[in-house]
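For reference, the structures are reproduced in the following blocks.
Two complexes follow with chain A in common, the first pairing it with chain B and the second with chain C.
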Partner chain A sequence: MSFWTIFKREFRQYFVSPIAYLVAFAVLVLLGLSFNTDLNYRITNSLPPNGAVVLGNFGFLMVFFAPLLTMRLFAEEMREGTLELMMTMPLRDVDLVMGKFLGAWGFYTVLLSLTLVYQGILLFLTNLDPNPAPLQTYFDIGPVIAGYMGLWLYGGATIAIGMLFSALSDNQIVAGFLSMSVLLVLWAGDVAGLVPASVISTDVVLALRVISLQAHYSTSFLEGLIALQDVYFYIAIMMVSLFITTRLVESRRWR
Partner chain B sequence: MPLPKHWLRRMAVLGALALLAALIIYLAEDELNTVVFVLLVAGVVGVGAWMLLAPDELRDWLTGRQVYYGTGTAILTIIVIGFAVAGYSLAEQQNLVRDLTDAQIYTLDKTSVRALEQMESRLAFGGFTARIVGFYNREELRERKSAEYLLQQYAEKSTGLLTLEFIDPDIEPLMAQQFGYSPTLDLGPLYLVIYNSSGNRVTIEPIGGPEEVLISTAMLRISVAGQFKVYFITGHLEYSAQSEAGLGLSGVYTTLPLVGINTDTLDITTAEAIPSDATTIIIAGAQLPYTDSDVEKIAAYMASGGRMLVLADPPYADPISMVSPNTFMLTDDPLNRYLWDEFGVRMREDLISDVSSSIENEFVIVPARIGPSAIMDDQLQSLAVYFTLVRSIEMADDLGALTSTQAAYRRDVIYATSDDAFGETRLRDVNLEDEASFDADSDTAGPLAFAVSIRLVNELDSDIQPRVIIIGDTDWLTNDFIDPQSGIEGIPGNIKLWNNTIEWLTRYSEIASIPAANRTDLLPIIVTNQEQTRIQLITLVLLPGAILAVGVLVWGFRRQA
Partner chain C sequence: MIEVKKLVKRFGDFQALHEVSFKAREGEILGFLGPNGAGKTTTMRILTGYMPPTGGTATIAGHDVFNDSMAVRKQIGYLPETVPLYPDMTVQGYLEFAAELRGVPKRKQRIREVLELVGMAERSRSLIRTISKGMRQRVGLAQALIHNPTVLILDEPTIGLDPHQVSDLREFIRSLGGQHTIMFSTHILTEAEQVCDRVVIINKGQIVAEGAPNELRDALQINSRVYVRVQGHYDIAKLAKSLEGLAGVSSVEAHGDALVVTSKAKHEVRPAIANTIAQQGLALLELRPLTVTLEEIFLEYTT
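On to the complex of A and B.
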């Protein structure tokens, strides 16, 4: 049994699980509202199109939806006792963790690709030629490409964090709540400076910004920039979270 | 009665958490404050009570496999996190950034790199260094991060003479005051500071916001400081250069230094000559004729390659206000004669009436014809420029025979009127309230040129390159038309005409102007109501509905199975 088997099982699991469809439905309804609101605002105020707006909102939604996708991954297995069963199989802990992670990330990728519909609509309404014909709007695709890349990495990081909390508790609700809280703090770290200095010092604000998920996304990827430090940040978050998750799973052998 | 062991265990866990919280807060705040002290005491009491009252548990814990494996795992985790943090630090130092925007708005343009090189070569000569200082408080850390992507590129392209510094104006208000920074003034957070070899500040150049064009222009201003100087000529009741009134010229006089062009006034009646540092002289709406002596000074200046902008209003006296008639540039005026003899242009004694291309009344003119002059560009061509009470310009080319001196120059019409226009010469009879009537015997029929640029035919081959722009109106340049500070929104066309005029005369753009990043002007999105309804149907009903339907089907199949 390899990580590939686990990946296929987990990936398939999402497509037979009503919760995954409900998550996808809720995400698409909320993003649809966001897209139409923004489009209407731009039409009313004679503004150019911006495909990155809906991506920014998707990032925020992942704070709430990533835990819904990951909370069952280990918590359910632990509650039902199947995790112990799996640990008796010829399977390395790291394969188990990576398989589950890639399964969740794969489903997230499918969900993310559904949002290409919005970009397709904007492309249909506009033009990729920087020198458009009169009355035809130009659509700068660069920030959209960078935004998707960033959002894909960002989603991987939120899923990895969600998995970590799923491995911490055998209660799905607790796991989901904890990961949601942590993701919210990591998201809001970008705007921690708005909290008065009497509450948190500037050093803490700076530290929060460094570990903030949003800070590595909103000022770079969404603006059309791919910065090595931001790419590395999300990969590092994934690696560290997956490493700790593996150690947590492994700890069941000696606890 | 001893405490139950499970209580002691909980106290130990809480104590450990308190110690951890104390450590984090201490590291963040960098002081042993009350909160840290209370947490420290609580932690010591909690952990200490467990250690003292349950020594057997402590012994078992220390020698148990949980500690054995747990310690190893914790150390390994700390090492992994340490590597991750070190890697991030390295990645941050590399500052490798790929700009995917079509206009490359986060990538330094060649002209920006040249501006930086130009500034640094000048700094290196005197042993100076430069620093871009940004004022961002803790609430603006996002904006600071955004700016850093661009500023870092300047620092990286620098030979080491340019550094970056960010200052929190709330923490260092005195420093902000020294720079003249105030968030309420909306002047932008960036400054370019020049230090001498002793480390003392010698220049603080405001940049504005974190935009490439502003940063590079500030660098060029440092490079070209003192190279450009424009004199506003006085002595013949010209429009006041410093006046902030609607008919003053303070809007242009005070803003030129902001782009590195110094300004001054010069009384030509008392000056011995036009100063040698004059890049351009401006004669703006004189009311009295220039003397032969004045013209000799101007001729000497132009002969050495001078640049001149002449603005002249019609010799018209308002019959209501009874102001003395303007006698500047009448036919026998020495300056008018000089312009004709040397450059082949002269002002007519008329007032243009153009019913086909005017607003409000026939005397407020919008150019009907735009000539292919050197100062014209696509943007200026697309903007409306307004002129009030305009006189026409006669060109030697229209008469056919050119003298050898006149033939050496090329005259390009910048603006002309429509065919329906004419130059009213019976100025004593004109009433602005009434419609002027064309008299074929005395008036000049349109189209009439009223703005002309002049330069040598073989300018590129000549060491001396005089340039002249002559316009039959002064009002277009006054604060009422140009300067938003006067309370009236500046007219974009007039502002653009001024910018192009001064750039062409001083050749400032060739030396010290940075073109903005070539970002395509993004047009607004246009969607019909029908399209919008379809989009709403697709994105709000069809797409989520399809996902929900598949989910229901899957759920149904699973229940059946």
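On to the complex of A and C.
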């Protein structure tokens, strides 16, 4: 149960770290602005409310915030010399990696649950009855529930990728910057669909879309569709990243 | 308890350890002495399972450090050279974390005991970032002792401490001998002499000497020296000349108003010196043997 000990330490660590609070603050401010703009737009144009909009924006923000949350996981331990202690404790490397990952994903879950406040506001303003009374509007809760599930899995994938880069470098800034670049590229793969078929062949576009992090939630979970292939995709990203991270940590013994 | 046989470690082209072999018996305090970069930390990192050796074997309590790493890691307490602390944790929290990873039973009680032992009981609520260097060292030591390990490996534990803390820590390590087998590295000679039962001297990745501090002195066969001081004013050159003529004396040097007589190993020249001085009608004030310091042994072996 060593990973549980590591998990507890990592999870608690977020609540004493200023970075975690700054990220939470930034997420709430930015999402608050976009939520407000979106709501205003929908009201003036008599459109139905959409709870998945904040989730889509939250997904984009994680391209920048997942690295901030994960860059210290291994880089800091290498720099402070505490990794030497961890690696000489009766603790398997895989438990160390799992504990750290779950700690970060746990904090991400807290962060994601903060956005429930916007769903609360929508629920307060609207009606869950598909045939609302006059002057009331129907709120489709299905995409919201699926959206949270998708965003939770997507977040796990971004955290796992961020942690992988943290294990690559003992410099937090380098680790954070590398994972931010990779996440941005993986996230934007979805946009490849906008390039005309005469420029890039459809096969390439489809291939890019398959590995795009965004494509696996924007057109499925956020539309209320839970497709197993998308669930598998995020789980696979997490497992591959955790495997590589474990190997990277192990490889420090051989240098 | 600790047995190292022909340990080799290579980092790329650089060979850090050349067939290093030594042993530490149960309950012994073994000093691992050498200049910076001699391979002390590398050896300790191999023993603790942090890195594998390139060649050779090392066992701790009968377990191979590489093939049976988990069993070894359970047996040892390790304090690396840079004390591995989490600045954002409290002393108590840090020790709880270490105790939990070690699977220590009755954690709260054991943490209290260890904090008493290292004299940090009043600071258990402090954040590690706020405590002094000496206290950090003691917290690191508490971490290494938390599971009452059979073997304790301490990498330069007194580095960066003030003289008062250094002598406290040496005394503390001394008091742990007997219950734990301790391997303790240092580049300070007096420290090894004060604390250790046995000393292994390492230089450029090779063991150059091994034994109890006094055995090393004998083994070196450095000529014994006698310090001679005579009362009042006298002709120092004349006395030196007559002392040089004594049987067994190899050289005489003047040090201010005193003389240092070097004689061949195990040749007792003091009665003859006293006689000569008396015959010349001078009053002998001081006649004492100068012991060879570990410092000299060390320099002899490492240069």
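Everything that follows uses one rule, which is that the second predicted complex is superposed on the first by the 242 of 255 C-alpha atoms of A that agree within 3 Å, B and C clash if a C-alpha of one lies under 4 Å from a C-alpha of the other, contacts with A are read in each partner's own complex, and residues count from 1 in each chain.
Everything that follows uses one rule, which is that a contact is a pair of C-beta atoms (placed from the backbone, for glycine too) under 8 Å apart; a residue touches a chain by one contact, two chains touch by 3 or more.
All values derive from a computational prediction rather than experimental measurement.
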Of the two partner chains, chain B (first) and chain C (second), which one does A:Met163 touch, if any: first, second, both, or neither? neither
With both complexes overlaid on chain A, does A:Leu69 touch chain B (first), chain C (second), both or neither? neither
In the overlaid three-chain picture, which partner chain does A:Met238 touch, first (chain B) or second (chain C), both, or neither? neither
In the superposed arrangement, does A:Met180 touch chain B (first), chain C (second), both or neither? neither
Which superposed partner A:Trp254 touches (first chain B, second chain C, both, neither): both
After the superposition on A, what does A:Gly81 contact: first (chain B), second (chain C), both or neither? second
With both structures superposed, pick whichever of chain B and chain C touches the larger number of chain A residues. B
Tell me the contact category for A:Leu125 with respect to chain B and chain C: first, second, both or neither. first
Report for A:Ser2: first if it touches chain B alone, second if chain C alone, otherwise both or neither. second
Quick one: classify A:Leu114 as touching chain B (first), chain C (second), both or neither. first
Common ground on chain A, meaning residues reached by chain C in one complex and by chain B in the other: 16, 254-255
Residue numbers on chain A that touch chain C, as the complex places them: 2, 5-6, 9, 13, 16-17, 80-85, 87-91, 253-255
Help me check something: in the complex, which residues belonging to chain C touch chain A? 11, 45, 48-52, 70, 73-74, 76, 78, 80, 82-89, 97-98, 100-103, 143
Provide the residue numbers of chain B that touch chain A in the complex, in ascending order. 28-30, 65-66, 69-70, 73, 76-77, 80-81, 84, 87-88, 91-92, 94-103, 105-106, 137-142, 145-146, 149, 168, 170-171, 520, 522-527, 531-532, 535-536, 538-540, 543-544, 547-548, 550-552, 554-555, 558
Give the list of chain A residues in touch with chain B in this complex. 15-16, 18, 20-22, 24-25, 28-29, 31-33, 35-36, 39-40, 42-43, 45-49, 114, 117-118, 121-122, 125-126, 130-132, 135-138, 140-143, 145-146, 190-191, 193-194, 197, 200-207, 209, 215, 218-220, 223-229, 232-233, 236, 239-240, 243-244, 247, 250-251, 254-255
